[in-house]
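Have a look at this one.
By written order: A, B, C, D and E. Residues from 1 in each chain.
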């Protein structure tokens, strides 16, 4: 068995992010039982993203015992967990106000291709600069839907303040937190192709924070919105009776 | 420990399909709690197929570290998960309108033999061309039952639109998505017997998509039908009271 | 890592039976939530038998990488899962009509000794012919209780048809399906002591079918009987009100 | 990978006890959902003891592949699972009639020290004869509390017969079943310090039986007492209405 | 496979703490179902801390087979589980009386930085004495919030005695039990950087006790407070009706 050294910051970031994502997974999986029917899918998708993230962390750490983490290990997790988080946003907005099914498919395809094209670029299976630009375009498309599309309208017209605030934070994570990925993509594509450790530390911290804060924000919003609906339903009942 | 290289597309497809099937399993396993009593078995069978698929992916990936994936690793998963999916369709139709128990047994036997005969052919334990034809016949029989049998009638007479739409998509997956398996069987039987990577990539993507879309379609239909039944029951109660 | 070859039927049977038992375990574990209070223990015992079977399959497959599976690996699973299934039958009959606690203990002891004596015989820790005969006697005793004992009476007087039909099939599995074990015991005891593969294939298929059909039959009966009881209870309530 | 031989009784006992404890764990974990609120902690503690026992079995079996099982592997499990079972008895009596919190702490400390002192003696970190005697004294103290303390009074005054009978059996297991541990401690302390296999077989069978019968007795009592309480509550409701 | 020797106290402490934390995790995870809505998050956070602790124990024990445990293995667990426990205290106080969201963030940041700075110091990535002092300051800040902040006020004004007593014990654990960590930090920073075994034993016992007693205290308080609320709600209902 290989033992990591005390001062190996990359190993430390893999271990800490792994434990953090395991804790996030447990919280979100249990959390699906605390929220109302229309929030269950959203919270479950976030939980799946956390579980997948934990799995990718585990594999990446194993690879690190050999001294480098091929970018394959990062992308295998992202290609599943990123579309899951984008879909969580779709179902989040859907809970606020019915969304078209066409948007669902556009978001899935955009999120999957965004990650896949970046991978092709970094693995030198495609022209690096082209891949970077296409990946960027897909990310901007997703951001566009979040900021100017029908999802934004539905959330703004939502009857509950917690949903509006939750959507604000989730959108921020997708904009600011996800910016690390095209950035890393840019650096990797036009530099070396095997990561010496520093990039992995950044990715691990970002992966953990993006999945954890995203999931916790969704869960908190869902719990508050569920309580609000229940209080409203109780109020309606009261009224009907009297 | 063996580490996959960054540009190893086969390893990437194994990892991504594994994570995707784990996420599908979690979604479907939790989903069994969100649907009405008569949909629980259907959703559970899809969840089992996803779990088995994830297990087979995991084992196949381990085998890939040696540079080739004997077809044994694909067939061990298929012989369990394909009959499970065919049975999920039976229980799906059964929820729409009571099906005969005899059909249940015919479908089980046809689905198991379809996979088993193909395996015998590819492993050269049986004449390859004969095995291919018999496997094809079983698949066509299952398609026949789906399109022209009593299941189709029951679904068409169903009281809920979501069931009809769901059945349409599920049937399409079994027809179009499953076409990859006899095709791969044909190529493998009349070409080399050990897969150099390309076939595995195709199988992994197909396995993931077939199990995921199938499971998600079943879950979505079950949730909508459950809501419909509850709304109807609530309406009936209302009527009875007044 | 050792990779099994494509035409290795024994490895294929281990893998397929493992996946099949995992799927059975999931179905039965989830199924405990779908049945009434008095069926829960019965279904849980079948689920435990499936989990133990899956565990034994997993270990046996590992052993097979070395080229032979010592009978120890089969018996370690059987000595737990067979008594569990016999007890599932006891609780099945108990749900139909209260059984004596003495029968419970006699069945446990008979089932455990049946497997243990066979193991002693095959491992040459006891005279093989004697062990075979004693093992046979215990099996016949269990069959006797099932066919002519108080369990049969209780089931025949049961108020629900599904229970009678379920008991018929379960008894058949214990009689016909379990016949493979004394047969294998006979062949192994008077032939070689290390299995070259053929015996393991037979055992794996039998183990999977016996645990799966048994569990599914119990679950199906329990679901039908639960629905029947609920319908009856609803009918009684109706009557009481009017 | 090391494969155990067919006639290796120690390996067989490790495997069988492992499977048995896994089955017990599943039964008890599911069982926590079938019992009333005041029995849940008791059943959970028994389930935890079974899970810990299964974990210790698994590790001991791994160690056995090298030909001997250092006593460390037994004691690591016992120091957690024995206090858990003693506490299960405390909460069992607590369900019959409120117990003092001081007794809780005395029992925890006595049970932990009983196991720890025995370990110190066997590992030659303490004078063997002294450790044996102190370990014995702690066991006798626990037995004293069970037979002549306030727990016995509370159970004897309990309103339900099942509780009295359950307590009788649980006390018997702690007296007769647990007698194997000081006995083994005596033999190991004054003989060799590494176990050649025979002691492990005895320990494995005893560990499995003690955890399994204990857990099943608690679960059976809890189910019966829960039903009794529900029937009583229903009766009270009936009375109140009329 | 490496087997630990009988007298290896460090290995014994790793194994025992691992089993103890697994048992704690199971108890707390099941416990989330026994408490009222507003206690669920608190109990879940404690369960997550126990799971993470078990994971870190498992990894540390693996590392110990090589003869030393780099401090990395301790800190990877602490950086997740300590903030989780501090947050559990926040939600504990929040259940007693609404807390500001700003306090939440201050506590998270203080707890994460406390562990991270200590790690940097011990791994010689930062001046050891400075890191020790900063780590100490963050711990004192958390203690200050617990003893003199708004959380203390909210708990003291709480309507239920169990909450006040629970908070007293939890605060004590964070003050007395956590004192081992700056102490160990001090010893490690100004002595050798690789642990010969003695420090790990102390850490393992402390980790187990801190997580177990903390979790059990939270669960016990939550169960009592839930019962209190239910009794009160039932009383209110009674009053309203009459």
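Please note the rule applied: a residue touches a chain if its C-beta (ideal position, glycine included) is under 8 Å from a C-beta of that chain, and two chains touch if they have at least 3 such contacts.
Which chain is which protein? Per UniProt: A, B, C, D, E = Bacteriorhodopsin.
This one's a predicted model, so the numbers in the text were calculated from it and none came from an experiment.
**Student:** Which neighbours does chain A have in common with chain C?
**Tutor:** Looking at chain C and chain A together, the chains touching each of them are B.
**Student:** With one step meaning two chains touch, work out the least steps from chain B to chain D.
**Tutor:** Minimum number of steps from chain B to chain D: 2.
**Student:** Given that chain C and chain D are copies and touch, would you call their interface same or different according to whether over half of its residue numbers are shared?
**Tutor:** Comparing the two copies, chain C and chain D contact each other through largely different residue numbers, since under half are shared.
**Student:** In angstrom, rounded to a whole number, how far apart do the mean CA points of chain C and chain E lie?
**Tutor:** Centre-to-centre distance between chain C and chain E: 44 Å.
**Student:** If you average the Cα atoms of chain B and of chain C to get two centres, how far apart are those centres in Å?
**Tutor:** About 27 Å, centre to centre.
**Student:** Going by the touch rule set out above, which residues of chain D reach two or more other chains?
**Tutor:** none
**Student:** How do the chains line up around the ring if the path leaves chain D toward chain E?
**Tutor:** Moving around the ring in the direction of chain E from chain D, the order is D, E, A, B, C.
**Student:** Under the definition above, what is the set of chain C residues touching chain D in their complex?
**Tutor:** 29, 32, 37, 40-41, 44-45, 47-49, 51-52, 55-56, 59, 62-63, 65-66, 68, 70-73, 75-77, 79-81, 84, 119, 122-125, 193-194
**Student:** Spell out the residues on chain B that touch chain A in their complex, using ranges where they run on.
**Tutor:** 1, 3-9, 11-12, 15-16, 18-20, 22-23, 26-27, 30-31, 34
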